[in-house]
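Lettered A, B and C in written order, each chain numbered from 1.
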Amino acid sequence: MKKWSDNVMWRWLLSFFRPGKGPRINLGRRNVLTAGALGVGAACLCRVHPQASGRVFNPALIRPPGAVDEQEFLSRCIRCGECMKVCPTNAIQPAGLEAGIKGMWTPVLNMNVGYCEFDCTLCGQVCPTDAIRELPLEEKQKIKIGQSFVDKNRCLPYASARPCIVCEEHCPTPTKAIWVEEIEVTNASGQKVLVQQPHVDPELCVGCGICQNKCPIKDQSGIYVTSVGETRNSENQMLL
Amino acid sequence: MARSTRKVSAIVWLRRCIQTLCLLLFFYLFLQTAYHPINRTGGPVALFFELDPLVLAATWLAGAPVPLTLLFSLGTLGVSIFFGRWFCGWVCPLGTLHQMMTHVRGGSTASRLNRAVYSPRQRWKYLVLIGLLAGTLTGLNLIGWVDPFSLLYRSLATAIFPAFNSGSHALFAWLYESDPGLGSMRVTRVSEPVYEVLRRYLLVEGRPQYYWGILIGLVFGGILALNLWRHRFWCRYICPLGALLGLAGKNPLLRLKKDQEACNDCRLCVAVCPAGANPDGPSDRSDAWKPAECFFCWNCESVCPKQAISFEFAVPSREHS
Amino acid sequence: MTDLSRRVFLKQVALAGAGLQAGLLSPGLASASTAPKMSIAKYRTSPAESEGVAEEAARLTRQVIKDLGGMSRFVSKGDVVWVKPNIAWDRTPEQAGNTNPDVVATVIRMCYEAGAKQVMVGDNPCNAAERTYPNSRIQPAAEKAGARVVQLDKRKFKKMALNGKALKDWEMYTDMMEVDTFINVPIAKHHGLAGATLGMKNLMGVCGGSRNRFHQDLTNVLPDLAAFVKPKLIILDGIRVLPVNGPRGGNLDDVKRKDTMVAGVDQVAIDAFGATLLGMEPKKIAHIVEAANRGLGTMDYTSLSPAESLV
């Protein structure tokens, strides 16, 4: 008759407590300590970067809406690329060194390639670790991921007395964050013409970047977004 | 090729089906990670990450709140305690790709032996895991660079799919422009309907492009190419998820049993072993079968001409031979 | 000016009311030379959003085409037709950012009734087509009416010689330019730069390339497009209009119900009438004036004796 203690499941469970024979994973204590030390050492070394403590901010480090604060973001993000795949405008790109080397291949928005679609929350829906939190649409539309600035040296109505307003046309906020001032300027032929010069209201702008993306000055936009003012970061601010 | 003419066992065929299904599921979820005319994706697109205990460990060690969906990965870990690195052998889509790449280079049993045999350097992946975990604990979470699903998804998203997508569009654009054919038999009569189908189910209009995509693609290609040098190089030497599952499953309930008298030392089992788990080793010595490496793929059992290898529920003990 | 034109309009409608079904407008009596160049139809009531508006749209569209002599004047048996609505923005029909979907569906049905072989519907939008096509509800309505809804194929934009004042050549969509009948179906909206976006501005949807450069000379670009594309028929949706904050809109409070539609063959006249629907003076809208000066049509739409109906 078979004893219950001969049962293989029971003996198997016991074998966890009795260090038996059989192959072991022999890593070598020195190797393990070295591996651990390298991990800890790398972590310490990465603190050297001025961006590591929130002392300096990179204007190109524009994170998707719903992203948590930067230090936590870098801890949570597994660089899987789900957000990069789902972004409908292809705005989310792998970072280079914008977040330091430790942030390489984390998601950043490049407004020359795409823009943050105002009615979209897909990146937050797909992130497996909630580095980008899933937000209801109304909440997402109040989140600022950056601030747009008009480059008066390039913007056509300022720099060359040519009419435009494409940026104002595309601005998606319920009350447009871009307002135009109709102003009489002199053009190249010496004629007086009326142009509409765009201005940005920083309290309304959410940094979506469609203005930068649609601006006809293709190589370097007449209006562009930088990270300042991002809701998730209480330090990277400019307004009172 | 000195291969056994014995039929491949049913379990091996089952495993191959399940591996293929998991790989296709991964690709399908990848394609579904897109906008469908409502503001939602087409399904549980992050499923594989939710089954990945390394992602759970990374998120937890980094001190971040763990999304509940990641707890599914505890199931993976739990099953590994019983069945070792079954996940690597049956489910992991990256592992399946490595296995397919491994088969690309055939050769005699002798040459395959060199590429398949166990190497003590297979311990490196545990050191990779420890280094990554130590870093994560102290504020530097780089697990995402090395996690197999992150690696596969990121490479697909930023390199492989955009290349395939843009290449396909370019091909059909060229066919449309140049309109090759003979008389009234034009290639576009076939290629345009094909293009319609591809655009509906596979291709995207938006032409996604990514900075760093070329490097990410080359790294991925390089990792795949390493399989030509050592079987399932990534899985044996680098994969931290494999290391984690190996640690969890180093004492599995299902064990390889070798009939020492039947064995004729042909070493075919070693030549087909993707994991370098040393299936021909006598069971009670230090060069015995390595359960922490074994993928439970059943190749060894299937290929053995003397049917000397079998798997059974057992306990490691002195009496085992 | 707006009140005056509305009073004049109503007076004309009252006078014409009785005789609408006879005379000019019976298909049998209309010949090419005496056929009306323009027709205006107004709904008696303003049905509640949004259930009654679908029926209103269908009935107004049918009336306004009938008053021109019927769709068979423009679509012959076996024709391939392109219906080009405004599907530019990610907006719902109630927000008046795009053409009313039921107007589009009715136009499609009337084309098939006139014997069209195939009707295609498509536009080159400002927002992503995958959003604008379904959210404007034009895609489902058009498909239900039997049209082939086309999200434009990048390969089919070809550089064409417009030889205009502002545009010497530009990428235009070949399929839209090569059909037997091109029907322009815009909606009346305010535009921050052009003043108003009506039929001529709607033709920007035939163009590819960097259209965001057009804004530097819309006054000449739009007549260039009008002269090149020359739609056979223009049907302007004035049921819901956007007199302010166009062309994107968004705020339902900005939308005004005018419950009017106009159709015709004179692009300038249609645009001029559309401007009045928005409360604007046509002569203050530079591209309408330029188009008239070039002889593309007349700004004085009343001189065309438009057929008017009250539905």
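Note that in this section a contact is a pair of C-beta atoms (placed from the backbone, for glycine too) under 8 Å apart; a residue touches a chain by one contact, two chains touch by 3 or more.
Note that the structure is a prediction, hence the values are computed from the model and not measured.
The chain with its Cα centroid farthest from the Cα centroid of chain B is C. Here the chain at the heart of the structure, going by C-alpha means, is A. For the criterion of most C-beta pairs in contact, the winning chain pair is A-B.
Here the CA centre of chain A is 41 Å from the CA centre of chain C. With centres defined as mean CA coordinates, chain C is found 57 Å away from chain B.
Here the spacing of chain A and chain B, counted between their Cα centres, is 30 Å. Counting partner chains per residue, chain B has residues 35 touching two or more of them.
Annotation for chain A: residues 88-89, 119 touch two or more other chains. Among the residues of chain C, those in touch with two or more other chains are 130-131. Of all residues in chain C, those touching chain B in their complex are 129-131, 133-135, 151, 154-155.
Against chain A, in their complex, chain C makes its touches with residues 90, 126, 128, 130-131, 192-193, 210, 212-213, 215-218, 245, 247-248, 250-251. Across the interface of their complex, chain C is touched by residues 35, 37, 169, 172-173, 176-177, 205 of chain B. Remark: chain A residues 8-9, 11-12, 14-16, 20-28, 31-32, 34-40, 42-44, 46-47, 71-72, 74-82, 84-86, 88-90, 93-94, 96, 102, 104-105, 110, 113, 119-122, 125-130, 137 touch chain B in the complex.
The touching residues of chain B, counted against chain A in their complex, run 30, 33-35, 39-41, 45-46, 49-50, 55, 58-59, 62-65, 67, 69-70, 123, 126-128, 130-145, 147, 149-150, 153-154, 156-158, 161, 206-213, 216, 246-247, 250-251, 253, 284, 286, 288-292, 313-318.
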